[in-house]
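So that you can tell them apart, the chains are marked A, B and C in the order they are listed, and the count of residues begins at 1 in each.
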Amino acid sequence: MHRDHIGLDQAPARHTYTPPSARALRIGLGGPVGSGKTATVAALCRALRTELSLAVVTNDIYTTEDAEFLLRNAVLPPERITAVETGCCPHTAIRDDISANLEAVEDLEASLGPLDLILVESGGDNLTATFSRGLVDHQIFVIDVSGGDKIPRKGGPGVSASDLLVVNKTDLAPLVGADLTVMARDARHQRGDLPTVFTSLAAPGGVAPVADWVRARLDAWRRR
Amino acid sequence: MSTAVVADARITARPDGRGGTALPVLAGGGPIALRRTRGGATARVTVIGAMAGPLGGDRLALRIDVRPGAALHVGSAAATISLPGRDGRPARWDLDFTVAEDAELHWLPEPVVAATGSRLLTRTRITLAAGARLHYREEQVLGRHHDLARGAPPGRLTSRLTVRQAGRPILDQQTDLGPGAPAWDGPASLGGHRAAGHLLTVGHPAPPVPPPGHDAALLTLPGTDATLLTALAPDALRLRRLLTP
Amino acid sequence: MPDRTPAPGGATAVLLLLADGRFPAGGHAHSGGAEAAVRAGRIRDQDDLAAFLTGRLHTTGLTAAALAAAATAAATDPDPDRLDDLDRAADARTPSPALRATSRRLGRQLLRAARAAWPHPALDRLADRHPRGAHHPVVLGTTAHAAGLTPAQAASLAAYESVNGPATACVRLLGLDPYRVAAVLARLAPELDAVTAEAVRAAEQGDLPAASAPLLDILAEQHSTWKVRLFAS
């Protein structure tokens, strides 16, 4: 060809994402509507903000709704929270066309300086929505007991392949007749060695199992 | 039988050396008569249409040159009515304004009204030096009142406005409204309105943001200290209200 | 014997890839003003949509198509001034700050995808000179050059994108029958080609059009102030 051509193998990684050495760890949080993704993000921010420099990108279907929840609850200063519009397709923005989220993540890093951790919260979607590996390094999938104790058995990529499965609202289990041992067994069956934690964010320190898991990922990220 | 008119009018404004503005050139042409209406720091000129028009086929031009330190205000005595010519050719109305550093031009004429069957192409080129100040108003009305009242379609107005500031283009836009222009009355363009206009402000304080509930917006242009208030309204009167800060 | 020679360099397939709504360049989150027009009650059915798309195609669609065609030609020049001039021309043709921001944002997103798909020095230069993003038609034209497409193909992509995005958005926002919307787009095809040809002619003559539509600017500014919206523009 007449063009000055660069082979595909020479395509620099920066074209799709910032070189890993120069950037924060990125963790995605997905899960169905109402399972407690935003509450988990808020609790994580409160638990980690004194020890880490962190920022959040939200992908609410109503764009700024989740960002405003986080702002109202003052979990982080406003400049550390960005909302991305998803054009009615929250799963597209985190999986098929991640460009707007990558822009948001990189803009946060550019404007705030070096960060330790960026949480990317997906808009509430269904059990098949997962994050692209081009956008996040790890993903957490949040379900809750009130959705029925059959959800882990149903599987789907979020339940079976996420790096951490969070079963939230365990305090409601007796009220909705959900059997946590059944959920744990089904999760193990679907997920093999991948971890599952049970949380009740209503309780003090309820997010601790998730925060501990995040800290361990961050340690591994720094040591790589 | 009417023959097409070709006219070239000119105004040059410069400081008169006594704190005011002199008009060494004030030359009307054809149907464009120019009257100096007042002196003072800002020279005021009124454009008086000496006959009906423009008619299809006419080619009218007005060049205004505001020299450093001068201030000129140009208005018009009445609306400009675009009328159909005999042979279906469009009329042309070319405006060419140059405003020097520390000079100011206020171009605040009455609207251009497109009568049934008319076709008018207006081309406005504004060249601003750095530090030039400008108020420029443009109002287009689709159809005379009695055209619309009898259910006749309006004429067509194609209008291009190009503004350069310190050599850089800061605004270049063309609207094409009226029968023959694709989807001119649709939800992307006029959306049922019959009057469209702008107020371009450079180097003066920006007008206030238009009140909600109107099809109007205050746009900050890419240049220095330049805004465009753009508005649509059902008629000329309501358009003028939106464009009057 | 029928001629089975493919277009040089796989250009036809490249064109299809770039026009595909699944190409990851950020378009899916933009309605091209349709969300604001729907909220204002200006688009309610497929007839309104057809008028909206026709208006958009002949105004901002034509302008974007000509800029894209001109950028494809300018990208052959190692001197970046021509592309920078086109970027300024796009700025002047976009009086709405909300639409300027959208165009630069989409330009940056397309550039990210283009540099991964068709690495080329012209794309690198554009990224270096416009770190906050060049205007989308300028990036589209440069991408077309990098991918071996012609100015006419770049123009047809820009024209197509000017109607495809809002049409898809209206299917999502209004629940319009997707078959009827597909029919609306199919009927626009001759006009798309005509606008493309007009854009290419204008770009070749160096007389870039500046066609604009008043409500698109006004609606874009209103949309940018909403607290709750589904689309980025």
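Keep in mind that, in the parts below, contacts are C-beta pairs under 8 Å (C-beta built on N, C-alpha and C of every residue); 3 or more make two chains touch, one makes a residue touch a chain.
The UniProt protein names, listed by chain, are A = Urease accessory protein UreG; B = Urease accessory protein UreD; C = Urease accessory protein UreF.
Computed from a predicted structure; not experimentally measured.
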Given chain A and chain B, the chains that contact each of them: C
Closest chain to the centre of mass proxy, which here is the mean CA position: C
Distance between chain centroids, defined by C-alpha means - chain A, chain B (Å): 55
Centre-to-centre distance between chain C and chain B (centres being mean Cα positions), rounded to whole Å: 31
Chain C contact footprint on chain A (complex, rising order): 1, 3-6, 8, 10-12, 15-16, 61-65, 68, 84-89, 92-93, 96-100, 102-103
Residues of chain B defined as touching chain C within the complex: 160, 162-163, 168-176, 181-184, 186-191, 196, 215-222, 228, 230-232
In the complex with chain B, residue positions of chain C that touch it: 33, 37, 42-43, 48, 51-52, 54-59, 88-89, 91-93, 95-97, 100, 191, 209-218, 221-222
Residue numbers on chain C that touch chain A, as the complex places them: 9, 22-31, 105, 108-109, 112-113, 115-116, 119-121, 146, 148, 169, 172-173, 227-232
